[in-house]
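For clarity, chains are labelled A, B, C and D in written order, and residue numbers in each chain start from 1.
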Amino acid sequence: MDLTFSESERAFRDELRAWLDSYDPGSEPAGDEDAHYAWRRDFQRALADGGWAAVHWPVEYGGRGATIMESAIFFEELARAGAPLPANVLGLLLAGPTIMSWGTAEQKDRFLAPILTAEEIWCQGFSEPDAGSDLASLKTRAIRDGNGWLISGQKVWTSGAQYSKWCMLLARTDPDAPKHKGLSYFLLDMEQEGVQVRPLRQITGESEFNELFIDGAVASDGQLLGGLGNGWKVALTTLMNERAGLAFFLQVRLRQLLDALSAEVAAAGMLDDSGVAERLGEVHLRAEVLRLTAYRGLTATEKYGQPGPEGSLTKWMWSQTNQQLTELAAQLLGSSALRAADRWAYELLRARGNSIEGGTTEVLKNIVAERVLGLPRAH
Amino acid sequence: MDLTFSESERAFRDELRAWLDSYDPGSEPAGDEDAHYAWRRDFQRALADGGWAAVHWPVEYGGRGATIMESAIFFEELARAGAPLPANVLGLLLAGPTIMSWGTAEQKDRFLAPILTAEEIWCQGFSEPDAGSDLASLKTRAIRDGNGWLISGQKVWTSGAQYSKWCMLLARTDPDAPKHKGLSYFLLDMEQEGVQVRPLRQITGESEFNELFIDGAVASDGQLLGGLGNGWKVALTTLMNERAGLAFFLQVRLRQLLDALSAEVAAAGMLDDSGVAERLGEVHLRAEVLRLTAYRGLTATEKYGQPGPEGSLTKWMWSQTNQQLTELAAQLLGSSALRAADRWAYELLRARGNSIEGGTTEVLKNIVAERVLGLPRAH
Amino acid sequence: MRFELSDDHREIGRVARELLAVRAPMSALHEVAVTGEYDGALWGEMVSLGWPGIAIAEKHGGQGLGAIGLAVLLEELGYACAAAPLLSTATAAAAIQAYGAEEHRARWLPGLAAGETTAGIGSRDLAADADGAAVAVLIDGDRAELVPAPATEPFRSIDPARRFATVRGDGEPLAAGAADLVRAAIAAELVGICQRALDMTVAYVKERSQFGVPVGSFQAVSHRCAEMLLHTESARSAAYFAAWAADADRERLREASALASAAAAEAGRLVTGSAIQAHGGIGFTWEADVHWLYKRAQLDIAMLGGARRHLIALGRIAGERAAAR
Amino acid sequence: MRFELSDDHREIGRVARELLAVRAPMSALHEVAVTGEYDGALWGEMVSLGWPGIAIAEKHGGQGLGAIGLAVLLEELGYACAAAPLLSTATAAAAIQAYGAEEHRARWLPGLAAGETTAGIGSRDLAADADGAAVAVLIDGDRAELVPAPATEPFRSIDPARRFATVRGDGEPLAAGAADLVRAAIAAELVGICQRALDMTVAYVKERSQFGVPVGSFQAVSHRCAEMLLHTESARSAAYFAAWAADADRERLREASALASAAAAEAGRLVTGSAIQAHGGIGFTWEADVHWLYKRAQLDIAMLGGARRHLIALGRIAGERAAAR
């Protein structure tokens, strides 16, 4: 057991820090979502120029072939520097690795490079309004039409769809096959008439997510990834990549938020109140446990290719802790934290989504019970 | 809305208080379960002599025809006076009312009077080792044998079985009928060779409960209550009576325990610590909410014959609060509360059973979800 | 002992439920959130039904239905999550009547009861509907004061369907107990918010299917709903007790109000949060109206001062009482 | 960065798991509970494997496997819920080695490491295995002291499978950090207790059927098990961190030990309580061994001083650190 960074890890971190120190992202645009997105896009371009956009990608595709631990360090340092997530985060973390795993040589040639430079943004079209967490019951249909495919259906919770050129789309190509088996995985061009994007307004007032209305959109055979009827397996690759590195970004963002609250509480002299200190200590404990547990998961992934039991727990821990933290802020800071313009007000509302997005806590508990503990499938 | 006692309720309470003041139960025997039981039996005899044993029974059977509210007052005052539960509490609360509802004239004549005087103690034989909360799957069998019945099977969680003359026993008389329908309700004589009682030692070290091993026990037709194959309905009468008044005894016992802890905490000067005061306040809040909610349930029962939604909640609230209280005591009082001989140590361990006995919290939540909220049956 | 609403009080609730369902549907809140203005016609109807003066004695132009009547009405206001200065006006009037000086009553009650003027309620830094009000009743811990013609600075909170402001200007003290009465009223609104969150959730999970069955048949969901009921009924028991104490046993109001505040704050937080979670992704959208309940609950809890201070007070009450025995 | 046990440490755990499963089954605790005496042969085997000196340097007669080795071993002790003076002796030895004076090390370590003498551990009013011990290491907040030949008054706690006593007699101070090391060790035992409670529960709910299906297929049960895993793994992450800090980064031991204490206290309470609940009526009986885990957890938590004081300390650490930036 060694909880310090190795020499090469430290070198990686220091080089990245130096680059981040040298990069001036300008101030974060407030209020205007488009400007904010453009800011993130600029940031990714700069990352790409510096060779930092996709550290976990193999060198041959423009990455650094970074280890999993270095990949985590990358996101940790981004968050520590107050940098945003790169604009094409779904392309970098999900679409890229999935295409590397399942794509033909032509697909890799065509799609990977523009992901890196944020030239072509990607979104993920898995969820549907009636399917929720139950991907096996997806209804979007792809019908054979000459040499290509005609796709119709509806998707939901696609973040960044309004900025995206491509969509990782799961559609049913064989309605007669059993639920999982009739699915195929398409790389759908968003810039066509058959695809309409409608922003979905959230509890916070923002529109991070969208609905996709797909009506007779076309795709060629070259846009089918991993072969006909193999969509479920390809999608699993995407899902497995979903939080590998991102978890570290979120974990460090949580810590930053907690530090901000801790500083406010300390400055207000509230730490003398043992009840306040206890509550703050609870969140500090959970944030530390999350960090430690995430490191355990990374070590296991490095060694065995996948995390141990603790790997299924970090998303759940994070959402629980972030909600606890933002509620504590509202409780301790009083009415100022509930003003519409206040940072804490935004965080409080946004955190309600943490236990829903990327797998509801209920679904995560099912997964832990069935796959980690081996309990019979939930009734 | 009127949260004060009516004049007649006050008169009832004052008369009872006067009687309780005049009765000297002697000191509670410690350590010896038999002596403790004898003490409770003496207490019930005294109650019966004073006409207080079964206030809720009709006057014709030796009761006072008390209202539901008075019945609650009865248990409240018992707890307030530090008196024990009468020894034959299951006879008074469950067997008696069930026999009044379903019994023949002969059965009423035979069984009711000795319940009142604690001359014949009753226990309840519903649960079985393999059935748990699922009464419809009971396996104990009663087979026709000449003019009577031969009964075999196993029961569990029968409290007071070692002191009981009679048992309210559910057994299957028709193995071919659908699950609920083949059951009959027997008044089984415990004093026969075919019935063996084995005490079940608890986490506390005591043996409040027993297993019954029934092997060819006999019962006559006159010991069948409510008719052949009608056992499920008769059992529901017993279950409905199960906690009507008892809830008040438990609620006031909880309050007494909380007062004892509050006094200890106050005496130790710990109330200055806002964290301690907050924890104590949480339990005080829950105890008060339980009391108030129980009164709402009583009012509804008086008016409509059954409690409203809140009636399904009080057992759950009580078990949750009693566990919270005893854990708080262990936390605040430190190691002295964990000595085997300490009152708080006993209460801590005993409270673990609260969320299991008389309907597990999980089963209670199912009932609330299905019967109160109308949700589909749990999967 | 009779712990249930009288037929009269029940009838107030029934009428309010029906009227608000038609006249103040949640769909109207989307408009209010944009304009920041209340629907004057809705307020007019509330006035015509005598709601601002629900708790006010008839001699001051009210309906004389006491704090229990006020609680029942505010429960329905919370249930509808309606946008109107009713919590503030009806509660301030009740506080002035019970804890104001005779001159306060004479000066403010007739106008408030008649709906000719409105009142604000809350604290110096978080006052609901104080902007444009004739008078504000402000609380701070155990103290309460009355601020005539309050000078305000409006701001937007996360609940865009209620108008908040900070308040300056001299205040005149109200007698001890006024703050407890105000909090008891806010707790009653929270009970209604919780009930609505529960009802919306139960309806949704019966309807919505996943993995081939209604999601309400999963224990993770159904037990969550059962817990929402537990918290809602707990808050209701305490809020009714506080309203009764305000009417019938003022000696017990302080503790009763602390019980109601703590129970309602806890329920409001848990039940409205659970409602969002049980709705899944839909619950996180602006279109699904469940977020209004979460937001209003947060603001109401802030006006109560949070659960913690009341729990601390209750713990000390319990400790001191037990020690005194 | 490599957050996992080394192969050596893993092997210690494997051997201990296997040995204790055979030599210290829970069925043996029923006997201990009656006699109040430990099985001397079991202790002899532990000594022959060098367990009392697991963390002690080889020059003092130990195995030199550090605080991590100690944590792994105590996790297995907790898993077995074994009745032996191992927590006390091995932990006291580790504390004396790391935080005692040179003369303390010379005087106590060889005997403790060789199993010729035993040590007590805990506090003045709650010391495990202090009766008959050659020495006791007692903690009180941040302070720790060493009491040679402690004068004891034994008493029975709710955990009849461990011998407790109060301690009198003069003590000699140990350096700052000793108390943290002791608590880190107790936290490690709690991790094992939780793991056993989880394993027993998972096995039970797979086997036990109700309403025609295994009870583990009900979400009320399966999600409870998932939560037990969450708490167990949380405590494990923190306990390993504390053990690592004790070996490799003593500057961080204070915070790491507070994290481990708080996480283990919380996990111990919730996981062992959940295990009883998930076992239903059976879990409440003396025969079903799950109660031993609940009881030992309660005593370990008391020796840690409860979660609360550690949470308060952690909150102040977080606040002061953030304020200093």
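As a convention for this text, a contact is a pair of C-beta atoms (placed from the backbone, for glycine too) under 8 Å apart; a residue touches a chain by one contact, two chains touch by 3 or more.
None of the values given here were measured: they were computed from a predicted structure.
Of all chains, the one whose mean C-alpha position sits at the greatest distance from that of chain A is B. Between B-C and B-D, more C-beta contact pairs join the chains of B-C. Chain A and chain D have centres, each the mean of its CA atoms, that are 39 Å apart. If each chain is reduced to the centroid of its CA atoms, chain A and chain B end up 53 Å from each other. Taken residue by residue, chain B touches two or more other chains at 274-275, 278, 362, 365, 378-379, whereas all remaining positions touch fewer.
Residue positions 218-221, 223, 308, 312 of chain C each touch two or more of the other chains. Chain contact summary for the complex, chain D toward chain B: residues 123, 125-126, 155-160, 208-212, 218, 220-221, 269, 273, 276-277, 280-281, 283-287, 291, 294-295, 298-299, 302, 306, 308, 312. Chain B contributes residues 1-6, 9, 69, 258-263, 265-267, 271, 274, 276-286, 288-289, 292-293, 295-296, 298-300, 303, 309-310, 313, 316-317, 362, 364-366, 368-370, 372-379 to its touches with chain C in the complex. Residues of chain C that touch chain D in their complex: 218-220, 223. Within the complex formed with chain A, the chain D residues making contact are 1-6, 9, 68, 198, 202, 205-206, 213-214, 216-219, 221-223, 225-227, 229-230, 233-234, 237-238, 240-241, 244, 248-249, 259, 262-263, 308, 310-323, 325. The touching residues of chain B, counted against chain D in their complex, run 127, 130-134, 137, 156-157, 200-203, 205, 275, 323, 327, 330-331, 334-336, 338-341, 345, 348-349, 352-353, 355-357, 360-362, 365, 378.
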